[in-house]
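Worksheet: one structure, shown below.
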Amino acid sequence: MARTPPVTYTRDEMMTVAAARELRPGMRCFVGVGPPSLAANLARVTHAPTIVLIYESGTIGAKPLHLPLSIGDGELAETADAVVSVPEIFNYWIQPGRIDLGFLGAAQIDRYGNINTTVIGSYDQPKVRLPGAGGAPEIATSAKEVMVIVKQSRRTFVERLDFVTSVRYLTAGTAHSPASQDGRSITVVTDLGILRAGLRTHQLTATELHPGVTLAQMQAVTGWPLTAADGLEEISPPTREELHALRHLMAASREPA
Amino acid sequence: MARTPPVTYTRDEMMTVAAARELRPGMRCFVGVGPPSLAANLARVTHAPTIVLIYESGTIGAKPLHLPLSIGDGELAETADAVVSVPEIFNYWIQPGRIDLGFLGAAQIDRYGNINTTVIGSYDQPKVRLPGAGGAPEIATSAKEVMVIVKQSRRTFVERLDFVTSVRYLTAGTAHSPASQDGRSITVVTDLGILRAGLRTHQLTATELHPGVTLAQMQAVTGWPLTAADGLEEISPPTREELHALRHLMAASREPA
Amino acid sequence: MTEMMALPDAIARTVRDGASVALEGFTHLIPFAAGHEIIRQGRRDLELIRMTPDLLYDQMIGMGCARRLIFSYAGNPGVGSLHRFRDAVEYGWPNPIELEEHSHAGMANRYVAGASGLPFAVLRGYSGTDLPKHTDTIAPITCPFTGEVLTAVPAIRPDVGIIHAQRADRAGNVQIWGIIGVQKEIALASRVTVVTVEEIVSRLEPVPGSIVIPGWVITAVAMTPGGARPSYVHGYYERDNTFYKEWEAISRDRDRFRDWMDEHVYRSESAS
Amino acid sequence: MTEMMALPDAIARTVRDGASVALEGFTHLIPFAAGHEIIRQGRRDLELIRMTPDLLYDQMIGMGCARRLIFSYAGNPGVGSLHRFRDAVEYGWPNPIELEEHSHAGMANRYVAGASGLPFAVLRGYSGTDLPKHTDTIAPITCPFTGEVLTAVPAIRPDVGIIHAQRADRAGNVQIWGIIGVQKEIALASRVTVVTVEEIVSRLEPVPGSIVIPGWVITAVAMTPGGARPSYVHGYYERDNTFYKEWEAISRDRDRFRDWMDEHVYRSESAS
């Protein structure tokens, strides 16, 4: 461990720290591997020790010391409060809306928080075949809050998705509507700042910027006309404690994500 | 234990022994408490040690030393190959037809093996309110074979049920039909002999009589015109080994059923 | 999040007159102490839900707590009738009760649907029986792929679900082993869940076959040693089969039943 | 009833060209050795079924075993793409494959329906997505009680289901612990079930969190130590994360992939 306090940080670190700060103690978080797992575990070892990590492999309340490369890592089961089958995790735990916050990944995201992780190009003749849906469609509609951690670029923040893999806000008239969508939010944490939807509108709006980032910079890498919320704020930089905990987590990982 | 071989036996003992003999090694039997549990465990400790006992409480492969008074007796779980939840026992194990033989109880039974355990009299103003369906409706239609162990009387063997709680042979045209009913049998073991249906006909026919019992005796306590199968046979009396094992089982029970 | 509280408080805060209440435990872990507390608090007009009403609901029905019963098998296992249940159905004493009657498979699936946040469940069930004529919560449903007609039953979501378990830790995580029945399903299907436990421990050591229900889906945990007697708790105490048989005679007679309840439930804070 | 046999025999007797085959194991207990045996035996035109195709199906697809793939997430977890899968979908190499694409929740429920002997399962799923436009095994279904429209998916009943497990006893009862995934559902949904195990023991001592699948629903047990490598077996060996990352480079190039398969799968009877 470093004796001298860190003085610099990367944009990736700022992104992870900003995401971790969004998590509140006691929150039940549905977590995938990579940035979500890093952010959720950072929150767990800093300000939110009582956060409950739920992985789709069936581990509820996992408390890994090392970041898992795979969501099925053995340490998740060893440290969990309960291990259940995959059908049970989806049917008893996700579907009824027991998840406070679900993390989703995105290859493309639109202004409504709809996400594509299926194909770039057409479905039948894809330019790039992506992994597909995984747990996302049901997380997207059932979690009380959704968070996406993704670097911002025009390739990712698009006017129109090539394929709709998951939907946060169902359009009126869609029959498959869950009970209520009032007050449901989506938070997108990027390397430039934070975009949010769901408080007053269902459209993603810039609400915070990382230190030194301008709204114009963020707009330049967003594929739709991005507006800022009233009172757009600057995020405070990572504290020494946050950076220290984050770097320790990364170093302690068997296999850094 | 008796040193001298038993020379006499009761009709109840003959009934239990006759039922036990029907069970073959390796058979997966769905068992309730009382006579079925006694017969199945008698088979297990005599000629069919590999019989698999399944109780609706979720115990698969239970090997109790004592006969349970309740199907949820702790010893069933302790000796089982697997203990599963009640939804799982019905959905994964009974519904798909994995049970070779299911035991059913009966307050009334008709010639087709339909059973009433719900009410005597009308449903809304019952003369006697009975316990109800339990697991019977789904066992009756899904098990490869069904066995009923019941003392024979005109009150029980009736022309017409007051209430149809479970049905073995669904009439043609019933929409709720399982995949196939070919070759499915029902065996009714009574204190007078054995009645069977399903081999050539879906009507219960006398096929065996206990020693000393006549067809006329059986017909006299049957509420429909009972016919006998070609080659009606006399059942051989309990062997010393069978009686010994049965009485040992009864004596070893914490609470004889 | 779980709150630790005394059983009388847990019941007083959660069970209201007219509520739908499921006290579950499939022959194992039947929450007698909680049911007796409901009787002592004089709750009325309850919709009682339970696969196997058992002695506990016989007592609650006999004391006039129930307006309605949702169930699948109302007998004294291995013994015979539930006489208080029969008296209510056959003679309306102490009050008539409405029945909603299912099979075990149907009830178990209704709980599963409740725990899953679905409005209904599908099974192969009730085929050819008279149950659908008398129970309007049984309906046909057609497979959209094969055209096969199966049976649908609606989810059960009790206002209050009450179960007994071996133990909990201080965070309210609940551990159950032995016959697990429908304990998890009721805990997850109910709007409010109360768990009585034999003991509260600092750490839930794993036990073969044990399941853990996380504390954050449980409303209240009440330490209640012996809370399942005369039913049993795997690893703690055995079923009081003698009492189950004695109940036959106690419950047959209205006066004897009331005297017994007076002595064992009203005058005592502890379950019989 | 279970038969104990060597893995090559178990595969030769159960997996035919054109069969639908599910090799399951949700990140844990992936049956690599069995998949490699299928490759060595040169099976073709398989309908491969798996929630997360992972490296194993990348290898099987790259070797031309698959005609069709039913899946919900085809990535190398934490690393990136499955390049052989992508090559087949994007360029039809070594042959085009047909896709039937679902979500995890949909796949899990399709297995549950298969294990339950039901033709379909119901979930809240796929809402608003483009999946139903491309996958015809997703259909709306209406609750007969509330009128709510939900989603139905048909049961999956593979011709052959193959899983890996920690151990079996001599009667073929199979014990699994750690992340249990969909192992039981596949064992029960499949017409024929093959289980590879790390070891065969005389008695299955209980392990916290372990489940047992009775031998009488399993067709064949093949002792196959290391049979899940480079995935892991809880209590036996860890996931070879280094190999999962190396696969990125190995699988990117068709020739390098074939060389690797030649060396590690064809020339060796043991899984990499």
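A, B, C and D label the chains in the order they appear, each numbered from 1.
To be clear about the criterion, a contact is a pair of C-beta atoms (placed from the backbone, for glycine too) under 8 Å apart; a residue touches a chain by one contact, two chains touch by 3 or more.
This one's a predicted model, so the numbers in the text were calculated from it and none came from an experiment.
Asker: Please identify which chain has its centre, taken as the mean of its CA atoms, farthest from the centre of chain A.
Answerer: With centres defined by C-alpha atoms, farthest from chain A sits B.
Asker: Rounded to a whole Å, what is the gap between the Cα centroids of chain C and chain D?
Answerer: Averaging C-alpha atoms per chain gives centres 39 Å apart.
Asker: Centroid of chain A to centroid of chain D, CA atoms only: how many Å?
Answerer: 28
Asker: Name the residues of chain A that each touch 2 or more other chains.
Answerer: Answer for chain A, listing residues that touch two or more other chains: 91, 95, 142.
Asker: Tell me, which residues of chain C touch at least two other chains?
Answerer: 112, 117-118, 123-124, 140, 150, 184, 209, in rising order.
Asker: Chain touch graph shape: choose line, ring, star, complete or other and state it.
Answerer: Chain contacts: none of line, ring, star or complete; other.
Asker: Under the stated touch criterion, can you name all the chain pairs that qualify?
Answerer: Here the touching pairs of chains are A-C, A-D, B-C, B-D, C-D.
Asker: Spell out the residues on chain D that touch chain B in their complex, using ranges where they run on.
Answerer: 1, 112, 115-118, 173, 184, 188, 211-214, 216-217
Asker: Could you please specify the touching residues of chain A with respect to chain C in the complex?
Answerer: Its residues touching chain C are 26, 28, 52, 60-61, 81-82, 91-92, 95-98, 142.
Asker: Would you pull the chain D residues touching chain C in the complex into a rising list?
Answerer: Result: residues 117-124, 137, 139-141, 143-146, 148, 150, 152, 154, 206-210 of chain D touch chain C.
Asker: Where on chain D does chain A make contact in their complex?
Answerer: It comes out as residues 26-28, 51-52, 71-75, 77-79, 81-82, 85-86, 89-90, 101-105, 108-109, 111-112, 123-131, 134, 140, 149-151, 178-182, 184-185, 209, 232, 234, 238-239, 241-242, 244-245.
Asker: Quick one: in the complex, what on chain B touches chain C?
Answerer: Result: residues 33-34, 56-59, 68-74, 76-77, 83-87, 90-91, 94-95, 114, 118, 123, 126-138, 141-142, 163-167, 170-171, 174-178, 254-255, 257 of chain B touch chain C.
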